[in-house]
Amino acid sequence: MNATPLLEARNVTKVFASRGTIGARGTTTVAVNQASLAIHATPPSIVAIAGESGSGKTTLSRLLLGLISPTSGEVFYRGRPMEAIKGAERMAFRRDVQAIFQDPFEVYNPFYRVDHALEVPIRRFEPHKSAAERRALIEQALDVVGLRVDETLGRYPHQLSGGQRQRVMVARALMLNPSIIVADEPVSMVDASLRASILESLLNAHDQRDIAIIYITHDLTTAYQVCTSILMMYSGAMVEVGSVEPVIKDPLHPYTQLLVGSIPLPDPTRRWAAVQASSSAAGQHSTTQGCPYAPRCPQVMDICRTEAPPLYAVSANRAVACYLYRGAPAVATEDVSALYIGA
Amino acid sequence: MSAPVLQVRNLCVHYETDAGPVKAAENVTFDLARSERMGLVGESGSGKSTTVLALLRMVTPPGRIRGGQVLLDGADLMALSPEQMRRMRGSAISLIPQAAMNSLNPVMRVRDHFYDTILAHDRTMSRAQLAAHTGELVEAVGLRPNVLRMYPHELSGGMKQRVCIAMGICLRPKVIIADEPTSALDVVVQRQVMETLGRIQRQLEASIILVGHDMGLMAQFVDKIGIMYAGRLVELGPVTEVFGLPLHPYTRLLINTLPSLDAKAVFKGIPGQTPSLLNAPAGCAFHERCPDAVGDCWKAQHVLTEVLPGRWVACPCHAGAAA
Amino acid sequence: MSSRYIVRRVLLFLLVIWVGTSLIFFLPRLAPDRDPVAQRLGNLAATGGINTEGLDEMVEAYRAKFGLDQPLWKQYLNYMFDMLRFDFNYSIAMYPATVFEIVMRAVPWTVGLLLVSTLLAFAIGSLVGALLGWPRTPRVMHWVATPFLMMSSVPYYILGLVMMYVFAFKFKWLPLGGGSQYGTVPTLTWQYVWDVVHHAILPAASMVVAGVGFWALSMRGMMVTTLGEDYVMLAEARGLSPRRIFFRYAMRNAILPQTTGLALSAGTILSGSLLVEVIFRYPGMGSVLYRAITGFDYFMIYGVVFFVILAVGAATLLLDLIYPLLDPRIRYSRK
Amino acid sequence: MSRSWGYVRRNPLLLVGVAMFILLLLFWLIGPQVIDVTRARPISAMADQRPSAEMPLGSDSVGRELLPNLLVGSLYTFEIGLTAGLIGLVVGTILGFIAGYFGGVIDSFISTAADVALTIPALAVLVVIASVIKEVLNVRNLALIVAALSWMRPARTIRSQVLSMRERSYVEIARLSGMNDWQIIVQELLPNLLPYLAATLVGAVAGALLAAIGLEAMGLGPQTEPTLGMTIFWCNYYGALLRGMWWWWAPPIVAILYVFAALFAISSGLDELANPRLRRAR
């Protein structure tokens, strides 16, 4: 894994400041705190970023997409810092890094028919294409995701079902032949019976067209299903990273343990163990110092409250940010991605 | 099993639109026993939320309850006067809402919500009794008493949902309807809220109808499960049996789509689209997507039939089992 | 209450006063190389004007402060300083009365008329609007309310003119204008109070009738939005009575944006009431302003305008400070 | 297209408003062919005449014939309202877009400026300006002065709309599709604002009319042009009401009521288009 990563975030932090008008001081929120992640093109990585709401996973994805810029740290696209990418190169980046978002309704401009979402990128990225060529591309893309042209084109977004809308978005992303697709909760608002087909087309894109995937989710079951490695986030920070198999089957960080234990398994014979989850006062406020999970952690120690733990390399395929494992060697966060993510 | 506390018979709800009636719920029939936890699952547009609103007689125009009976301890809710029905809501049959984020009046303290609910049914309680009762309620759902003095915006999502649970039980209802009570919550909080709800339900010996689309949650929580598709109940039975041996093809396919931690990268969806309720196809609504469809599936609508003891299904493939 | 909120609002108020007074100082002076005021005053002095007595002194005082020989910034400082002390010089038309004296005599009339009619219009309009947005309201209410809604966009004084014609001129039920019977001395007797009320009915009614429609219309919109909220649905599911839901859940929340609307409309309402005063020759600030304009009583215009800006600024500030009492989300905003 | 027509048909208020407006246009178009507009000047007719076959609306105390007076005056008045409203809308929309889309310091500045300008009563500022330049006040000047204070409400409305639309994922999708800021504003955001822009225009025109007629009623309008507001001022000045000259004061009032009723119908109709929830209330 010596090649330059396709997309890399190195120690990125994003602080949101809400600005007040006259006389009001703004408030600040640390959405992402010192996160690192590398995505490779060959072989294409397939990585999950997992966490609950407010964990910073979506902000991290926006940083990787270049939609927002980090407060500190850097994002690299094919080894080049993001802010240095301008002009034609910027257009190439835009095309190469595509996304699928959570809400399959909000991604459509209600003023236009769904065709608009498919036409615009071709017009922008391949202005020389004729109307007929555009149409052919669009039809071909819809066919790949199993949609019938006559049931899709010419309709307004509200006339399609949620599943259809999301599949059109998958078609849109695939049509552009990107190297990577960032899928932000692509199935959380889609009916269960249609989820599988969307995840399947993503996985097919990865297997057959060598497209790297970043799968952002709060659902550990699908993360396990789809990805090879995983980055668990809590309150903006990485808590556990590594291959998906050990992280989910045998979680080490107390937070990951709680999360895995809370999955509602669709099996009435394996119900939640009766351990009462600790501290019902699951506040969003994280202290500025120490481990962000310390206020909720059942195994909290004194050091946890004063100093944030580094990532400890507990085994060859994962690292955990928790003092329970301080016997293991610590790794610098910028190296973590190279070691554990995207392999 | 004890006598059913709630009997729903042929409940029909239609929405009148310019293009004709939308049959959002059609001939919904089931029994709910005392202390029983029943799940009602379906995808968006399957009619589960409409059914819930109909049980409370809160369907608003252009929707209308077109027929059927809802017997609560033998008394038909559909025959009550509006004022009598109002008195039943909250006291005999209560609702724990979806999207608790916005279920509390933002300008009222939490305490006043409780007082409002109780006083709407029982004017005789003194201030002191109210305060004592309310204090017990919030403690029962695992909240500190100081939340009573707070305003809704000061509570987190999980706390609001607990408040809604406490409010749903404050008059010891016989039937609690929980409509996707955890849909906006994170998995950890979801688990805590569901465990609280389960504990309370056991203490009160109330019956509960959990409405939702999450089969995982159903498997974790309910005793009996009803599957809705296109406005109709297609299968009803004990949850372990339904998950173990689903009888209706839709149930079977739905359970197959669920990802688990046992097998990786195997995706099985259900091909096709959910039918529009406006121009529902003739015959069984599922026949276009059904792998087992036989000749007359596109002609006749199948009736929910008890094919095995406690197992109900609306599919001809199992009609023989009844005989 | 969040002190930051209060500080912010007070700062905004000061900003409004400062920007407002600066605007009315600078805008007329944008006219190229001439001082129309000095010219006009000069003309008045030359032709003998309305009231020559003291005019020369005033022209002199004006020249000294605002003359073309003075640099603009110095004129500005002089002006702002005078405004801060409520010193608006003498009335040209009514020398030796000062502008301040005349304005102060007019203020109670305006405030009384305005306050009563605005509060009435707001209260009735909000209630009617809430009922219009409530599905259980009988159909007949919609029919009754429609003409009022139609009148919501009509300027107050236009309605005032029509009312004056019908009720004062044609049927002679009410006085044609003025604040009280001509020549009566203000005393605290029933007779005098009745006289004042009698004269205020028509101007007030013209403001209330138009205002009711305006507030009803916006309240109806708010009400429909509020009724779609989850907490209203849950209130019904909890078995609350319709009356309780209407007042405590729906209307109570719909009134919040309505209050913001009142603050935003303060300027429009005051402007409208000034014109109503003109039509009815009501002895308030509107009539003073009107006389000042027609007689080009320059200092008077500035004095009244300053008070108008001050009054609207203060009313807005007051409503902004009341708002948190109605909305706990502002009152208890967490840091 | 057929979809929009369907909306309009179910929206009788909008239809009524537009019809009223078309009638007004016809009056302005056909009127000058039939009516001698030069008789709107003073001393062109015998003063204080009741309506007659010859002079359908009679004449006023300075010898203007009142039917041509109404024709010319209503047209001027509407010209003032429309010019000021349009300028206010354009300026306000641009400011609203800049503030809402780009945010940051520029947003704070524009929002605060709009809040302050909105709190300062427009009439007060207008009175000061107009009283100083009273002699040179003509229809165009008045329109410009009123326009200077008509941008705030549009700016506020558009800003809040843009603010909420900017959060929609389709803006991000547009960016990922290679659009730049200006393309997003023009091609993605602007079309969705069309109903709002129309409603805002109607509101801005109504507001400008209100301010202009108010100023004129105080005597601060074009002194030589018979706009509706100036006619009311002259009525008041010459005591037309007390002298029973209903033919003098009634026509401008009816005209003003008519214009405001038309604007009201159009704006409520547009409101219903932009905010479908209101439809349920009827």
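Labels for the chains are A, B, C and D, by order of writing; each one numbers its residues from 1.
As a working rule, a residue touches a chain if its C-beta (ideal position, glycine included) is under 8 Å from a C-beta of that chain, and two chains touch if they have at least 3 such contacts.
This one's a predicted model, so the numbers in the text were calculated from it and none came from an experiment.
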| item | value |
| --- | --- |
| Required minimum of steps from chain B to chain D, each step between chains that touch | 2 |
| Interface with more contacting C-beta pairs, comparing B-C to A-B | A-B |
| Whole-Å gap separating chain B and chain C, where each centre is the average of the chain's CA atoms | 54 |
| Inter-centroid spacing, chain B versus chain A (mean Cα positions, whole Å) | 33 |
| Between chain D and chain C, distance of the C-alpha-averaged centres to the nearest whole Å | 21 |
| Numbers and ranges of chain A residues touching at least 2 other chains | 21-22 |
| Shared interface positions of chain D, touching two or more other chains | 112 |
| Residue numbers of chain C (touch at least two other chains) | 12, 15 |
| Contact footprint of chain C on chain D as seen in their complex | 112, 115-125, 127-129, 131-133, 206, 210-211, 213-214, 217-220, 232, 236, 241-242, 244, 246, 249, 253, 256-257, 260-261, 263-264, 267-268, 271, 275, 277-278, 280-282 |
| Residues of chain C that touch chain D when the two form their complex | 12, 15-16, 19-20, 23-24, 27-28, 31, 36-37, 132-133, 142, 150, 152-155, 157-158, 161-162, 164-165, 169, 176, 217, 220-221, 223-225, 228, 264, 266-268, 270-272, 274-275, 278-279, 289-290, 293-294, 296, 301-302, 305, 308-309, 312-313, 316 |
| Touch list for chain C against partner chain B, complex | 135, 229-231, 233-241, 244, 248-249, 252-253, 256, 326-329, 332, 334 |
| Parts of chain D lying in touch with chain A, wherever the complex brings them together | 103-104, 107-108, 111-112, 168-170, 172-179, 188, 191-192 |
| Partner chain B, residues of chain A touching it in the complex | 52-53, 161-164, 191-197, 199-200, 203, 218, 221-222, 224-226, 248-249, 258-259, 262-269, 271-272, 276-277, 280, 282-284 |
